[in-house]
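Next up: the structures, one after another.
After this come two complexes, each holding subunit A, first together with subunit B and then together with subunit C.
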Partner chain A sequence: MTHATDTHTALTAPRRRRFTASERQVSVIRHLVLMSFALVVLFPFFWIVSAAFKTQIDLLMGKVLFTPNLDGFLDVIFDKTSDFARNFANSMVIGLISTFLVLVIATLAAFSLYRLQWPAWVLHSLLGWSVIFHMVPPITLAGAWFTMFRSVGLDNSYTGIILAHTTLHLPMALWMMGVFVRDVPKELVEAAQIDGAKVPQILWHVVLPIVRPGLAATGILTFIFSWNEFPVVLVLSQRQTATVPLGIGKYAQENTIAFTEMAAASTLSILPAFLLLLFAQRFIVRGLTSGAVK
Partner chain B sequence: MAHVRLNGLSKSYGKVDVIKDVSLDIEDGEFVVLIGPSGCGKSTLLRMIAGLESISAGTLEIGGAAMNDVPPRDRGISMVFQSYALYPHMSSADNMSFSLRLAGEEEAQRRSKVDRAADILGLGPYLDRLPRQLSGGQRQRVAMGRAIVRKPEVFLFDEPLSNLDAKLRVKMRAELKELHQKLRTTTIYVTHDQVEAMTLADRIVVLRDGEIEQIGTPLELYDNPANAFVGAFLGSPTMNLLELEVGAGEATLARFADGEALRLATPAAPGRTTVGIRPEAFTIASEAAAGRISAEVVVVEPTGAATELLVRKGGQAITVLTPERLAVRPGDTVWLTPDAQRTRVFAGGAADAA
Partner chain C sequence: MKTDTFWRHATLWPALVLFALLTILPLIKLLALSFHDVEWINREAVWDWVGLANYARLPQDNLLRAGALNTLIFAVVAVALQMLIGFILALLTTRVVRGRVFYRTVFILPILVPGIIIGAIWKLMYSYDFGVLNSLLLWLGLAPQDWLGNPDLALLSVIVVDVWHWTPFCFLLLLAGLESLPDDIFEAAKIDGASRWQQLRHITLPLMLPTIAVTFVFRMILAFKVFDEIYLLTGGGPGTSTEVISFTIYRRFFTEDQTGYGAAMSIAVIAVIAAGIIAATRATAGKGAKA
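Up next is the complex of A and B:
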């Protein structure tokens, strides 16, 4: 036994030392590159968050060292003229409901398209069409939607915006869920068929539990897209239904730009996505299917 | 339990015929093995019986009822897949009882049925584990448990042992046979492994290119293959297929290129002919005598229980299997006495062998 451990350490120990000078250089360079990428990504965040804690004067004077204060946040949240709390609630309602609808439709569609033996042309034309739809800039649709919704009384309503967001984000969700559904081995569906499951039961008992990480990933992305969406809500909503991006935009007015409030509102708007990712990270791990086949 | 009747079953994808007019009667309680090289349609045929593939023509009966358009769940079948297809998010017990749950059975009843199956398969300690926490053999057993629990009329197995390592495969093979002897459920089993087929089957069905080549008990097929393909497919080491010359006026003698002759069990037409003879149908001697043919040793493979010899005779390779331990070396000459009763003449030739 001791002999075995000896050879084991003897085998692994020199491997540690085998890094050559050039390998170490490569590793250092790699880390520098990664760090510079991280800087590019994180610096704007840092800038916005620090701006949120400055006074307007500090900010405009470009002070790097400053005494942090919460005035920006207090104004955004508690000022009587601020709609931000309302915007936040609107974004939540619209984001959650449209994400739910998108997930339901995309999952059903993906399961049907990939597992219920449609002729190839049905599959391809639907997927192709959804790609084209996804590539159309949303703003080109917004005008038409405004007219449509107006004529049926859905302008400036949650229903209208939720429908719009559901439509906008469905193609992406369909493609994502398609990948996850296709990853569910065909034999599992067949085994369930033989075990006596009908299509809805196959979906509920077999496919859904397996694609749960996929649902989480797709759901988070869809929610964040809806949360950030600007041009369509700009057209479809007024004060009562305005969402967070519109709320932030409103701090830039004709005569003044309320930079600190804007930064504070932006900082607050990051929170939901941040929390979502923090909590749901563990769902976005693949490999649940390991052990199913083979 | 039920008999299964295939009547002129066919399957085509567009213009390609995968299964061509297959008819087969499987008796109640019988263990039938479908065997053939890859692409012969054996899995497709099984999936047609299961209802996972549609039937293009012909009729399928299980227990006397036509099943062509009946969905898989109502055919009274259970299937064990090559990949096991266990539900990854369910414990072994839930995997096994899923069909009962769907059928709306009581919890207590489900539990007792699962326990009984687990007992048969020795799965007791693993009932709460997820598939990914099980070894290959255990997964295999859970898949079988899932099939047993439903008390099906017919078991369908699609190469269930091919993902196991060699040792485990032999063990599970024996367990499968024991299981069938216990349950006596009609079983249709697909494999490409001829040892599995020989050891498990009551009857073997040899398929090629979507057609049945021969049906029979393992030994019938082994001793009396209908053609060179069946002869070469079953048995290991494989049957020798020799290209010999039958002269006019000596219909029971087939000559090698060097003039020496092999005695045939049945007369053959004059001209070139294919003669099949099993490797173990030779006795080996070290001296010439009447009725013996000489051959040059090329390879000697002792396996302990037997010795396998590859010899060359008149430009053709012959495999010889003998229980003796031989002291011959490559290059030596040996004399073989072929057992005339065990020669088979294949009119179709060897060209169509596997």
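Up next is the complex of A and C:
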């Protein structure tokens, strides 16, 4: 247990040895607990990745030992009936452009709200509205987006989906960039203003260098959440603009589910987030803690 | 120091315009739609004024009732389990030094994976004929279960997926909270002879309350929005046993093309959530003023 050690036992030498031994025991137990927890978390991922390397027959027979096979991946990527490559490209385009827009709009707005002397009611009503919008299930507004986009000819268009994703992730980004922009000392902004610097110069030379890690954190999370988003693309896009989650949803809806392909497509679509988690983890952690805890 | 008015406005307006066009305007649109019966003829919407008829239908809608009830059960049970398991695991594993990066990587991974893929993964594991769970049951000599097809079991199966999905993140947040508690209070309590249970009850829990509250609220919001996993795992079925509110709206609005009625349902859900947020803010603000 956490506080199993006794302060008195640490005082004398022979007891000290027992103390370290029991501490080692506690540490071993902690690691066992964490290890089993980690295995429970990892097992389903291991299972789907291994399913992706099985043939449909091996999979349906529930074989544990099998010869790895790349057919699932090859079918998903190269087969003429598979839309996966296009879905992947669509997700990239929609994710990257909406992330860029979110970062620009959120950074400008956060800087404006926290450093350019807006009255308190402006700050509170904008942030309040953004919180309410963030808590509402996206499917409620998706219906209105669908009818509005349809009436201006933006249904099933990249523009419509990008706009929707930008709006959807703006509250989170506004919140996070607000946290990071408040790290910029007010005195620094005021000193720059006294020196005659205009707002664009202040943003570029004073704010940007300070919030750059914050931008990375916000950007990575926005991209991942756009990549993962499902209900809104389900409503707004059709085949040409479909993203990865839609493609995978489709595998599961067919009468005979192509499990190998579904597993292979799932494995491939986890890759971007997995690589970001391996190589940009400090930004992800920073973003998650500023978004969820502060 | 006078700020340049032009730039003050120019920096805030993009956000204001986007919110106005894509959140306020749709809300007005939804409100307008909710008083009409809408039919699509040659991509043109034909509106028929029906007054409050759409809203009057809401209380009688069995699907909506099932959806609201299941969402509530799903959110409360799943989040309670995640918090409880996460907290116990965090208590058991504070101050582990070695392997932190590895554990953190593993525990963050599930929340970065698309919900739809979480669904795909578990659909594979829950499969009646070849899923790993039934293989395990057979190996143990037990009868295989129709995890997603049995109306008595389906909601529980979906909750298990959510608990698997989110417990690691609750664990990480609660662990960070536990590790930031000051050591000297516990030292003092130990010297005063407080038992481990007393320390937990009278020191750890009160000090952890803010972290617990934040984790709880964060999870509840997401749990009420649940859609992706259920879309893939059960599609709301069998019957209405895993129907959730987002799914009911989707079904009425899009699958059945009841645009006006779907809009009324959306407005009702948004109103309930907004009222909840405002009430919660008032309550905490009132408490803060008294304290």
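Criterion: the second predicted complex is superposed on the first by the 252 of 294 C-alpha atoms of A that agree within 3 Å, B and C clash if a C-alpha of one lies under 4 Å from a C-alpha of the other, contacts with A are read in each partner's own complex, and residues count from 1 in each chain.
One rule holds for everything that comes next: contacts are C-beta pairs under 8 Å (C-beta built on N, C-alpha and C of every residue); 3 or more make two chains touch, one makes a residue touch a chain.
From a predicted model like this one, the values you see are computed outputs, not experimental measurements.
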First, second, both or neither for A:180, with subunit B first and subunit C second: neither
Partner chain in contact with A:194 - subunit B first, subunit C second, else both or neither: both
First, second, both or neither for A:41, with subunit B first and subunit C second: second
Touched partner set for A:27, first subunit B, second subunit C, both or neither: second
Partner chain in contact with A:111 - subunit B first, subunit C second, else both or neither: second
Which superposed partner A:262 touches (first subunit B, second subunit C, both, neither): second
A:147 touches, of subunit B and subunit C: first, second, both or neither? second
First (subunit B), second (subunit C), both or neither touched by A:73: neither
Between subunit B and subunit C, more extensive residue contact with subunit A: C
Doubly contacted subunit A residues - partners subunit C and subunit B: 190, 193-194, 198, 288-289, 292-293
Contacting residues of subunit A [partner subunit C, same complex]: 1-3, 7, 27, 29-31, 33-34, 37-38, 40-42, 44-45, 47-48, 51, 59-62, 104-106, 108-109, 111-113, 116-118, 122, 126, 129-141, 143-148, 150-151, 163-164, 166-167, 170, 174, 190, 193-194, 198-200, 203, 224, 227-228, 230-231, 234-235, 244-245, 248-249, 251-252, 257, 259, 262-263, 266, 269-270, 273-274, 276-278, 281, 284-285, 288-289, 292-293
Contacting residues of subunit C [partner subunit A, same complex]: 1, 3-4, 7-8, 10-12, 14-16, 18-19, 22-23, 25-27, 29-30, 33, 43, 45, 89, 91-96, 98-99, 101-110, 112-117, 119-125, 127, 129-132, 135, 164, 168, 171, 173, 176, 186-187, 190-191, 196, 199, 211, 214-215, 218, 221, 224-225, 227-228, 231-232, 245-246, 249-250, 253-254, 259, 262-263, 266-267, 269-270, 273-274, 277
Parts of subunit A lying in touch with subunit B, wherever the complex brings them together: 185, 187-188, 190-198, 201, 205-206, 209-210, 288-294
For the subunit B and subunit A complex, residues of the former touching the latter: 50-52, 71-73, 77-79, 81, 83-89, 98-99, 102-103, 130-134, 139, 146, 150, 163
